[in-house]
Amino acid sequence: MSDLRGMFVDTSICTGCKACQVACKQWNEMAPGVPLPMEDEAAVREHRAFTGNSYDNTGHLSATNWRHVKFIEQIGPDPGTSDRSDPRWLMMSDSCKHCVQAGCLEVCPTGALYRTSFGSVDIHQDVCIGCRYCVGACPFGVIAFNQRTGRVNKCILCQDRLEIGMGTACAKACPTSSLTFGTVSDLQAMANDRVKALHARGQTDAYIYGWDLGNSGTITAGPNKGTAVKDVEVVGGLNVFYLLLDKPEVYGLPAHAALPQRNFVPSAGVALISAAVLGVTGLAAFRRNRIAENAAAEGGD
Amino acid sequence: MDLQNSDAIVFMGSNMAECHPCGFKWPMKAKAKGATLIHVDPRFTRTSAMCDQYVPIRSGTDIAFLGGLVNYILTNKKYFEEYVLNFTNAPTLINAGFKDSEDNDGFFSGFNAQTRAYDRTTWQYQTGKAPDRVAEPPAGGTGQQKEGQESGNLPAPVTGSVKGANFAALIANRLPGVPLQDKTLNDPNTVFQILKRHYARYTPEMVEKICGTPKELFLKVADTLIANSGRDKTSAFVYAVGWTQHTTGVQLIRTAGLVQLLLGNIGRPGGGIMALRGHASIQGCTDIASLYNIHPGYLNTPDASKTHDTLLNYILTETQPTSFWSNTPAYVISQLKAWFGDSATADNDYFYDTLPKITGDHSHLPVMVEMSQGKIQGMILTGQNPATSINAGFQRAAMAKLKWLVVLDMYETESSVFWKHTDADAKDVQTEVFFIPAAHIAEKDGSMTQTQRTIQFHHKTADPPGDARSDLFFWYDLGQRLKKLYAAGRSGAKNVDGIKNMTLDYAPDPADVADWIHKDEPSALKIFKEINGYDYKTKQPLNSFANLLADGSTACGAWIYTGQLQLVNGQIVNRGEMNPGKNDGWVSPNWGWAWPANRHQLYNRASADPAGNPWSAKKKYTYWDAAAKTWKNDAGEGIDFTPTKDPATPANPNGIGIAFHSGADPFLLKKDGKGWLFAYEGLSDGPMPTHYEPWESPVKNLLYKQDRNPVAKIYDVANNKYNEFAGTQFPTVITTYRLTEHHLSGTMTRWLPWLAELMPELFVEISPELAKEKDIANGDYLRVITERGTTEAKALVTKRLRPLTVNGQTVHQVGMPWHWGYQGIATGDIANTVTAFVADPNVTIHEGKAFTCRIEKGRARA
Amino acid sequence: MPDKYVLPPEWEWPITIALFIAGVASGAYATMGLIHFAGDKRDQPVAWRLAFIPLPLMLVVPLLLIVDLGQPGRFLNLLVTSPGAAERPGPLMFNPNSPMNWGSWAMVIFGAFAALAFADALHHTGRMRLDWLDGLSHNIVVLAIGELLALVVSGYSGVLVNVTNQGVWSDTWLMGALFICFSELSGMAVALLVSDRMGALRTSAALRTALFYAAAVSTIVLVLFLGSLATQQDGSLSALIASLHEFVGPVFWIGAVGLALLVPLLAFGPRRLIPVPNASLSLIALLVLVGVLAFRYAVFFSAISFVQS
């Protein structure tokens, strides 16, 4: 479907400037239900804290961080030693992947989560009852509960912008075009070229996370140096997908994400069986007592 | 933007990805096209992360590194011979009396220990005989030639006004002799041979010893640069304040100049030395001078210590007979005409006399020193926050000596409440502070000049809140009030006449302010027009500085900006207006307007060989079209040369200005039209860059007895004590820098929660090795201690910093961003508490990039 | 597969108690049915008393859920398609993929059967004469359907936690089974309590055995659960250990395993390992109930976010 919209996140040219993160907050300040970070200065003062985790001080995706830039320092093969050969500092801007098969969407019992005409996954804030089922269902820990509104929030692929023909705010702000907005098919072509180009340049670590475009390579630096990597299609494809330079886990992405649905029928089946067993044992219990009883009665006479 | 055409880019003294994040897209384009990116930096930064090679270096030793490159290029004969021979002063002969620092313990000839200054006589070119001088007719009627006052081979100063002065004749009478050359480069007095001798000891081994840069990494840089320079490849250097903020800052950048001239990378696409400027419009601030020693357009401020007594002498002193600066008279007089208008005439020397003259170094540091001594009554701060800048404690204490302080700002900066953090008890501070709310850039019209000299005009999008007003309004209003106060003043008194006659006619046209609440905001466009220059009679803008005249018939605020407004068949076109999306080719000639004359690549005649043909098809840029007998540039670039001057034109010993140069001399602003490998003038600390240790260093100078720049500006005043040199008390090298997430003193970012949360607290980056030594864990508090004071910060323990082996000994380096202060949302200690007033001798920039400290675990205050 | 990257849904006390109570209600109903099926006339008084229990409990459940969601009005969005969710077909909200939807509907309909049972109890305990019920209440079909719904009510939340990406929760297929087992245990415990109070010795005796069997089955399911975690090479078991953090661990082992399983096994097993005087039947029943609550607690509070670390 060429009208599917998404983003290609090329981590190989991400400078970690966080413009995307700020652009997201700025634009979505207008979105309903999002607590405005500006609202209460004291709170912000309170909230802010130096994490010591490289240049990342906002921790992870949350109801108020719909986009989050990760910093992974790989100065040398082993963080424990002072060997600093082939130093790398990986950066990656993360958000909702707008999964083609979305765990959050599948389990939502109210229809608050829905698939937009752009193929993205949006939330009706006025429908969400804050049951948090989607939170545990997202394989990536993206969608999150918002204590202030009692509903959930996540990146909505700038639905409001898309509706008026604009691209996403974060991609717009990205100075290096590490984030590119477009139709998924175009982006896949672009991503493929990009991987090929990097491989040609000797950067054979590059591969695609989200779609299998058939690329494979080997990690050239860091603790996983020498490990083979190849494109992975994740839960039927990600409309927001990534070019990575190391194993997914290194970026805090699951190597094999799965849909919660995989357990539904089996789990229900096993439950039924167990219920049947319980029923039978229950009946058995009564029968046994009655037999014992009668035996006793006969003996009595 | 031209960086996208480079085959190799060395970022050195710049953290471009973090500090110029948007501009960084161009190097990334180059990389995508296959260019090699190199980052030479004490820290592994977000720029390093984007580069192919990361090369560690000890802060403040770049001259040794770059000098090493010069030596490597010369000894291995890797220089671009044809370019060097024809476009640089390599063949030029230097005065035989010149003595090099190599043979003189680190001093050049001419050093005076008392004045701590150089006499440059022995640095001069050997020249042929100068044309005979003719006696000069007394100018302006009245004056006469003074007796026997021959200074050098120049005629004596003349008296009298500029009225009727024949500048052409006067300049011709000051033509020097032609510099002598030896094209074989064999003469020991050639610049080439001197250079070779000067850098002979800057070997790769020596580089490793001094900089702590592993030899093989240095050689890799050298070979990459050489492989990517020459006829069909070009390499660029990119620097910013990682190079400037040193006691050797200017020489440091010059060393890169030497490398680029030797490799033939100046004046060619993808080549050059990219200076990434500061703030958003710091380029504009230097052009339209906010510096004490230059007037707009880089005309020197009248100076009591020079022959500047009259306008005529000022002009004759400042005019360079044999460079583009021969046009100085027109620029100076047009400027005075712009400032003083109708009543400014040749008869009253265009009120030149009313201009204040400088009497020494009045830049920020010395001014603050005088302030600390109570010599200064009041200060107006517009867009500056010194309370958090270099030796912040000292600066705040100095401000406490003021009677009054005016702060124009958008936020209540540390400076506007400086008394909160002075040693003096707040109630003892007598300074009266006026805070004037300033308008934000989006709330006012104006232009800004970005780092590539491109001027962009921007329009007001909203009225400023409350009674906030533009800076323009403040200064315009102040000027008007002064004029009123002086209106009754006695004419003839210099200061009175000056103020009385200021034009200041920037009153807005009602139509322009119709939509806004404030109807009295002065018109930025009128000022833009005055800067551009206009025909005084018709009041129509001038299209080029070539139209400027020295007879008062043209007015122009800054000649370099002439052409930003253009008269195109009767219509005034503002070339500063953006034409969005118009990215046409290599230089995008229609994206904004680059001074001078929309020339983006200065000296671009050098992109063609001496005969005028492109060096190669791949790097074809500006070239000579023999058929059309003109210079051409297919990218639409402005040609930085006389458009019809045939490359074969020989030098003309009697030619004025660039007519003195041959058709093969690209460097219009140089007196000999050459690129200077040897600077016989203009620098106060030597004709060739020499490695000196930073003023504060844990190690001694391995090359010379003289450890530090002998003419560095030092300030021996209370609360500015320097750490013991090469002592044991302060063994750690420290540098300060910026983060993408914050801006300078942080006023524009620490107040914004969105940015504050990204980098909430001050931290110091230290290596695990040093952390282990000091038993400091990631996130612990630590103290940075110098003679000036102590700054408290959290430790960010990271392998991105590394201990270096300097001459066999381990030297630790730490880095501290300097964005924090006691105001705003994200507050924190001030990094500049520990920095010192010590500066480069040429431009008085502080040494904030390389000094020493002691790191201790724990908090500064309980 | 334990997935480091999932955020916890932060289901805490209100949900824990709500689902515990729903479990007791459905368990009680199931046991009531069991007595009707397996018992004879002399057991029925216990069944009728038991029939009073599900309805009031089922009325508490939605209240607790609303407390948890903090949005009374919105609660309906589980059943009636909100106008905001235009793209969903039909007026009724039902997402077949969502166990939570199954559960919501099951609870609503089960509520009706609970009400029927309640009325039936009124009728037979002579508090109110509702002759029209006679045909209905003991109708096998009605009971069967009620049983089935009770089953869904007690099991759906288990299936629900299976159908997530939480470590441990989603690593097996046995959560639904475990939930059913434990709510059955609680139901039988309640029944035992009732019959004990009524001094219905015969019924109590049968229920003791039933409880013993149920505990045995539950134990087997739990062992299977741990087993299947252990067999997964990517460290699910260690994830379990990790998830049994702080207070949760003891609660699980002492409460869920100790009280809910071991106590009935030892007390009511054929070998009478602990001799139980009839007087203390109710006590044991209560211990089992506490154990079941502990189980719910352990499950919901074991969900932890690895993302922070």
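Some points to look at:
Going in written order, the chains are labelled A, B and C, and every chain counts its residues from 1.
The rule we apply is simple: a residue touches a chain if its C-beta (ideal position, glycine included) is under 8 Å from a C-beta of that chain, and two chains touch if they have at least 3 such contacts.
A quick note: this is a predicted structure, and the numbers were derived from the prediction, not measured.
Taken as a graph of touching chains, this assembly forms an open line, each chain in contact only with its neighbours along the path.
Using CA-based centroids throughout, the chain positioned farthest away from chain C is B. Chain A and chain C, compared by their mean Cα positions, are separated by 32 Å.
Inter-chain centre distance (chain A to chain B, centres taken as mean C-alpha positions): 48 Å. Centre to centre, using the average C-alpha position, chain B and chain C are separated by 77 Å. Residues 13, 15-19, 21-22, 25-26, 37-38, 41, 44-45, 47-52, 54-55, 57-58, 73, 75-76, 79, 82, 84, 87-91, 175-177, 197, 201 of chain A are the ones touching chain B in the complex. On the chain B side of its complex with chain A, the touching residues are 17-18, 21-22, 24-25, 28, 32, 34, 44, 46-50, 54, 739-741, 753-761, 763, 768-769, 778-779, 794-800, 802, 825-826.
On the side of chain C, the complex with chain A involves touching residues 1, 3-11, 31, 34-35, 37-40, 43, 69-71, 74-75, 77-78, 81-82, 84-85, 87-88, 93, 95, 97-101, 104, 151, 155, 158-166, 169-170, 173-177, 179-181, 184, 188, 202, 205-207, 209-210, 212-214, 216-217, 221, 303, 305, 307-308.
By the touch criterion given at the top, residues 59-60, 103, 106-112, 114-115, 124, 126-133, 135-145, 150, 249, 252-254, 256-258, 260-261, 263-264, 266-275, 277-279, 281-290, 293 of chain A touch chain C in their complex.
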